[in-house]
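What follows is a group of structures, each given as C-alpha cells.
Below are two complexes that have chain A in common, paired first with chain B and then with chain C.
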Partner chain A sequence: MTDTAAGTVHDRRGGLLRRISDTLFRRPHLLLTLLIAPPLLWLGIVYLGSLLALLAQSFFSIDEFSGMVKREFTLSTYAELLNLANVDVILRSLVMAVAVTLAAALIAFPIAYYAARYARGRWKAFFYLAVMLPLWSSYLVRVYAWKLILAKEGIITWLADKLYLTWALDAILAIPVIGGPSLSISYIGTFLVFLYVWLPYMILPTQAALERVPANLLEASADLGAVPRQTFWTVIFPLALPGLIAGSIFTFSLTLGDYIIPQIVGTSTYFLGQAVYTLQGTAGNIPLAAAFTVVPIVIMGIYLSIAKRMGAFDAL
Partner chain B sequence: MNRMKRTFVSVIAIAALTGLASAAEMKKEIGPGEGQVNIVAWPGYIERGETDKNYDWVTDFEKKTSCKVNIKTAGTSDEMVALMNEGGFDLVTASGDASLRLISGKRVQPINTDLIPSWKTVDERLQNAPWHTVDGVHYGVPYQWGANVLAYNTNVFKEAPKSWNVVFEEQNFPDGKSNKGRVQAFDGPIYIADAALYLMKHKPELGIKDPYELNEDQYKAALELLRAQRKLVGRYWHDAFIQIDDFKNEGVAASSSWPFQVNLLVADKQPIASTIPEEGATGWADTTMMHSEAANPNCAYMWLEHSINPKLQGDLAAWFGSVPAVTAACKGNALLTDAGCDTNGLGNFDKISFWRTPVAKCASQSAGCVPYYRWVSDYIAVLGGR
Partner chain C sequence: MTSAVSFQHVSRHFGPVRAVDDVVLDIAPGEFFAMLGPSGSGKTTCLRLIAGFEQPTSGHIEIFGETAEGLPPYRRNVNTVFQDYALFPHMNILDNVAYGLMVKGVARQARQTKALEALDLVELKGFEARRPSQLSGGQRQRVALARALVNEPKVLLLDEPLGALDLKLREQMQVELKTLQRNLGITFVFVTHDQSEALSMADRVAIFNNGKIIQVGAPKDIYERPRTRFVADFVGSSNVLPPDFMQRTGGPGKWVSLRPEKITITARGMTPGSHAVEATVTSVHYQGAVTRVNAEAAGQAIAVSAPSSFGAVNIGDTVTLQWPADAFHAMEDEA
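After this line comes the complex of A and B, so read on.
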C-alpha cells in the first residue's frame, strides 16, 4: 500500500536526476564502478601507462652512427646495461641502499622503542616533533648544510682537532674505497647524509608497530619466567618486524633512486638516478636510460615480495 | 583497391611532410606582439631586478613592447633540451653542447636576420659560428660567451700555472705537496674535449684537429688521460656554488672553472685567480634560439632584437662574468666598467675551443667521429673509476 503511494510520488517527481539515482540504487555494482573508475583510470593510464611506455623504450636501441633512437625491438640495450661500468653503477647503488637501510634500522629501533614505550605526554610530543622537524625544511638546504659539516675545513674536522682526535679521523679517511681526501668527498660522507635524510621514514613506522605491541603480552612473557632479552627476541622484535620492514621499503627505495645527494656529497661516482638523468638529457640515449630505470623496478619488486612474506603490509 | 589505398596513404604522408617543412620555414615579417614570450634560460641570464635592482633588462622591454616575459630557468644543458622537447616555450639560451642537438632534432627554427636590425652589431666572429649556423642557415642569435678558465689558489701558486698539466698529471705543487685530491674537473661529458685539447698540444702524433671531432684512437687516448685524472680528483664539480664552497672549504688548489665562480671568490677576498694556460681552453658560447613551434613568434623576435642591445649585453656581462656578444657593450657601461670585458676574457677568443655537440658525421674525420651519447656513457664509466 505504502509502496504504491511512494511509487506514485516518484512518478510525479520523476526528473532525470531522480531516475539516475533510482538506477544507481537498484544496481549497487554500477555505482561502485562509477565511483572507482576515475581513480582506476588515473592509475591505469597516467601511472601504469607512462610506466609501460617507458619500459617499451628500453627495448629500442640507439643507432651507432647517427645517435638517433631506432624504434625496432632489440635486446641490445639490455646487453649494454651489463657493461662493467653500468654494472658498477647498479651495484654501487644497491650496496649503498642496503647499508643505509641496515644502519637506519639499527639507529631507528632504540629511538622508536623509547618514544613508543617510555615517552609520555609532553615528551612524546617532543619526540614526534624532533623526528618530523627535519622534514619541514627543504631537502636541498639540509644536504648543503651537511656538505659544510663534513667539509675538510668543516665542523667535524674542527671538533676532531680540538679533541686531539685528528688521527682517528685520518684513519677513517684512509680506509680504502670508502675513504677519501675529506668526509664530504668520500662514500662515508654520502652514506651519512643518506642516513640522516631518510632516518625519519624508518623511525615513524617502527614506532607505530611498537606501539601496537600489547603490554599484556610483555607481562605474560615476564610471568612465564622470560628474562628481558628473551622477551625482546621472542615477543617484541617479531611483532615490530613488520614496522621495520615497512620503514626499510622507504629507506631502501629512496636511497636507490636519489640523484641529488651523491651529486653534492661524495666522490662524483654515479648512482642509478644520476645515470638515468644524464642519459635521458642531452645524450638522448632514452633506451639505455629506460633500461636503467627497469633495474630499481626489478629490485624493488623482489624486495617487496620478500617484505610481503614477512608481513610488512599487515601493519598497513 | 589495395594500390589505391597505398597511393592515398603516400599522398597523405607527402602532404604531412610538406606541412611540416612549411612550419619550419622562417618568418618574413614581424606582426603585432602576442602579449607574452616564454624563455628557458640559465639562472642569472634574464634578470628583472629581483635580486639586485641595478640588474634589470626585462622591465623596459615589457613596457616598450607589452610582451610579458615568462622565464623558466634550467640548471643544465640536459634540462634545457628536455624542456624544449616538452614544448610550450618560445626561446632558449642554449649552450653549444645543446644547440646542434636542438637543430638536428628540429626543435628550433631558422632565424631571419633581416628582421633583427642589430644583427650586424654582433661580434663578427660569432655571426657564423658553427654551433648555431648549419649550411649557412642561422638558428639563433648569439647572447654571451666565456671560457672555462683554470682557477688556482694564489697561496699555492705564486705565479699562474702555465699548463693544464696541473690538473691532468700527478705532480707536486709549488708548495711541495702532491696535487692528489686537490684538483677538480667538470663532471659533464663535454669535459672529454678538455682532455682532447690537452692532447692536441702534448701528443701531436694523435693528429687531433678539433677536440669535438675525435676518431676512435684519439677518443681512446682522451679517455686514458681522464682515467689517470680520476685518481687525482676528489670530487668533480657540477654546480657553480658547490665549487665555490670546495675552493673555500675543501682545499682545492686548481680546477677548470668559469669566470663566474672566480669573480665571486675574488669578491669574497679569497686567494683565487684564473688564467688560460698555453694549451688554450674550452669555452661556452650561448645562443638564443627559437622553438620550431613557438606560440609567440612576434614577441620572440622582439626579444631577440632586445637581447643584443649594448646596455643589456654589458649589464649581463657584469652580472654573469661573461663576455658580450656585442662588442659595443664593452664601452661606457657603468656596471661592467671599461675594463670588464678584458677581465672576463674578451681577448681570449682565439684561444678558446667553443663547446659543440660531438656528432657522428663531422667535417674533419672522413671515417666519422665518436658521437655525444658515447661520451656520456664513457664519462660515467671514467667517473666510476673504470
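After this line comes the complex of A and C, so read on.
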C-alpha cells in the first residue's frame, strides 16, 4: 500500500468556470431556473401579456360619432359580434376550417403511415424533402401560383379541355354556394389552397405519432385474431390520434386566422382573419377586431376539451 | 398421432441470409417444447413461422395436420407471448386481456367474464382497471400470458418471455409456467437462449445453430449425450477435449465432452493413471455451494466444478484431475 498525500485524491483545480460548474452541480434548480427564465419571461410578458392587452380591448367600445375608443367596460362590442353579418363571417370561417382539417387528415394519414412504417433511408429523406420543400419558399408566391393554376385561363381549365372533361369542371363550378365563375374565385379554390398550404402541418405530427407505434403491437393484434381493419381502428388509429389532433390544431387554427389566402383566391366575402385585419386597419374599430380574435380562441378551447373528453390524449 | 406443429424441410431466407435452413421438426400435442440457441440461430424465426408473422421461403408447415403456410396470423389458432409483452398501452388490463375475444365478436359481458378468469389464472385479480405502464415487468408478463391464454390457443408460443425479468422472478415464473402448462395441457413452444431455463422447463429441447437444428431430445439426453461440440459447449459449459488429449489419458480417439462436475480434484501426490491427468490451477471462483476451478493440463484448459467443501486450492497448485471411465461422452460429429 502506498500512502496517499492529503489533497491529491480529488481534482482540486480552481478557476472561475470550475467554481460555477461546482455551484450548479450543488444547486440543480439554479441551472434550470437560469435556462427557462428568459423563454418564460418572453411567453409571459411579451406574448401572453400583449394577448391579454388585446383581449381587454374587446371590452371597450367605439364612440359612433368621434370614432374614438371609449375606455369603459361594456359588452356592447360582443353584442355587435352577434349581428347577422358578423355571425356569417364566423360560420364561414368555421366551416372552412373544419373542411380543411378533415380533408388534410384524410390525405395526410396514408402519406404519414407510409413514411412511418415503410419508408427507409433514401426514401425517408425524399419524404421529408417532399413535405418540407414547399415550406421553404414564400407563402405568398405559392398562393399566387395557385391563383394562376386555378384561374379561368389556368392549367386546370387547359387540362380539363385536353382530357375532354370541361363538362365535369363546369358541373363542379355550377354547384351552388361553393362554385363560381372559375375555381380561383370560388370557395372550392380557397379550400384547395388552404389544404395545400397547411397539409405539411398535418403530415408531420401524424407521422411522428405513427412512428412511435411499435410494430409488435400490430403483430400482437393480428396474433390475437384481429383482421387488418380491426387492427387499424383499435390499435393504430387510437395511438395516432394525438398526432392527428396536434396536426388538426395547426390546420384548424391557421385556417381560422389566415387573412391572405381568402383575399387572393376566392370570393370577396370575408373570413375571420380578414375581418380582424380590416377592422383594426381601415375601419379603426379595435374593440370589435379584438372581439373577433376571441372567437378562434374560444373555438379552439371548445375543440380541445371535446378532444380530451373523447380520450384523444389517453395514449400520450 | 398428428403433430401439434410439423416442419417439413422449412427454410426462410432473408436475401442471402438463411435464417432458417431446411428444418425438419415435429412437436407433439401437449408437449412443452423449447427452442434453444444463440441469438441469430433461427429459433425466433421458427416461432414467427408458426405464428404466421413470417412465411417460409420453401417447405411445408402443418399445425395439427392443417397446412399453415400462406395463412395470415389472425386465421391461426395460435397465440404468442411476446418478448417485450407488446401490451396495448392505450387500453386497461381488462381490455388488453379481452382483446382477442373482442375482435372475434364475443359479447361484452361474456368476454369480460372470461378475461377476469384468465387474470385470476395468472393471479392478477384486482388489476383490471390499470394501464400496462402502471405494472411491473413480472405483472406485464402475466398479463401477456393471460391475454394469449384467454383465446384457448391450440399452441402457445413464448418468445423469450422471461428474458426481461430479474433472476428471482424468472425462477418463480419458470415453475408457474410449467405448472400452468401441465394443468392446461396446451402445447407450449418456448424460445430461449438460456440453457438452464430450457433444460429445467422443457419436455424436449431443440438446439439451433446457424438456422439449423443440431439436436433434438429430452434435456437429460442433450446434456449427457451432446451430439456435437457446439451442443456440448452451448448446453452447460462442458469441457470439449480433442482426440489426441483423450488418447493420452486412456480415452477414445475422438472429440469428447466431459462435464466439469464429473471431475474430482485431488492434491498432488496421487499417481496419474488412466482417466486422470496432472494439472496446474490457473484460477479459482467461489460460487457458494460449488467452487469452479480452472486448470491447465498439457496445454489443455479444463474446468472443474467441485463441492466447496473439498478443501483449499490455490492458483499455481499442481493437482490431479480424475474422472470415472464412463464420465465422458464421445461425439459423433466434430462440427
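In the analysis below, the second predicted complex is superposed on the first by the 267 of 316 C-alpha atoms of A that agree within 3 Å, B and C clash if a C-alpha of one lies under 4 Å from a C-alpha of the other, contacts with A are read in each partner's own complex, and residues count from 1 in each chain.
The working rule: a residue touches a chain if its C-beta (ideal position, glycine included) is under 8 Å from a C-beta of that chain, and two chains touch if they have at least 3 such contacts.
Here the structure is a predicted model, which means the values were calculated and not measured.
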Partner chain in contact with A:217 - chain B first, chain C second, else both or neither: second
Chain B versus chain C as contact partner of A:72, first or second or both or neither: neither
Touching partner for A:238 - first (chain B), second (chain C), both, neither: second
Winner by number of chain A residues touched, once chain B and chain C are compared: B
Doubly contacted residues of chain A, that is, touched by chain B and again by chain C: none
List of chain A residues in touch with chain B within their complex: 62, 65-67, 80, 83-86, 88-89, 92, 147-148, 151-154, 180-182, 184-185, 263-264, 266-270, 275, 277-285, 288
Complex interface listing, chain C residues touching chain A: 51-53, 72-74, 78-80, 82, 84, 86-90, 99-100, 102-104, 147-148, 151
Complex contact set, residues of chain A against chain C: 214, 216-217, 219-227, 230, 234-235, 238-239, 314-315
Sites on chain B touched by chain A in the complex: 76-79, 81-82, 97-98, 101, 105, 180-182, 187, 189, 233-236, 238-239, 242, 245, 248-251, 357, 359-361, 368, 371-373, 375-378, 380-381, 383-386
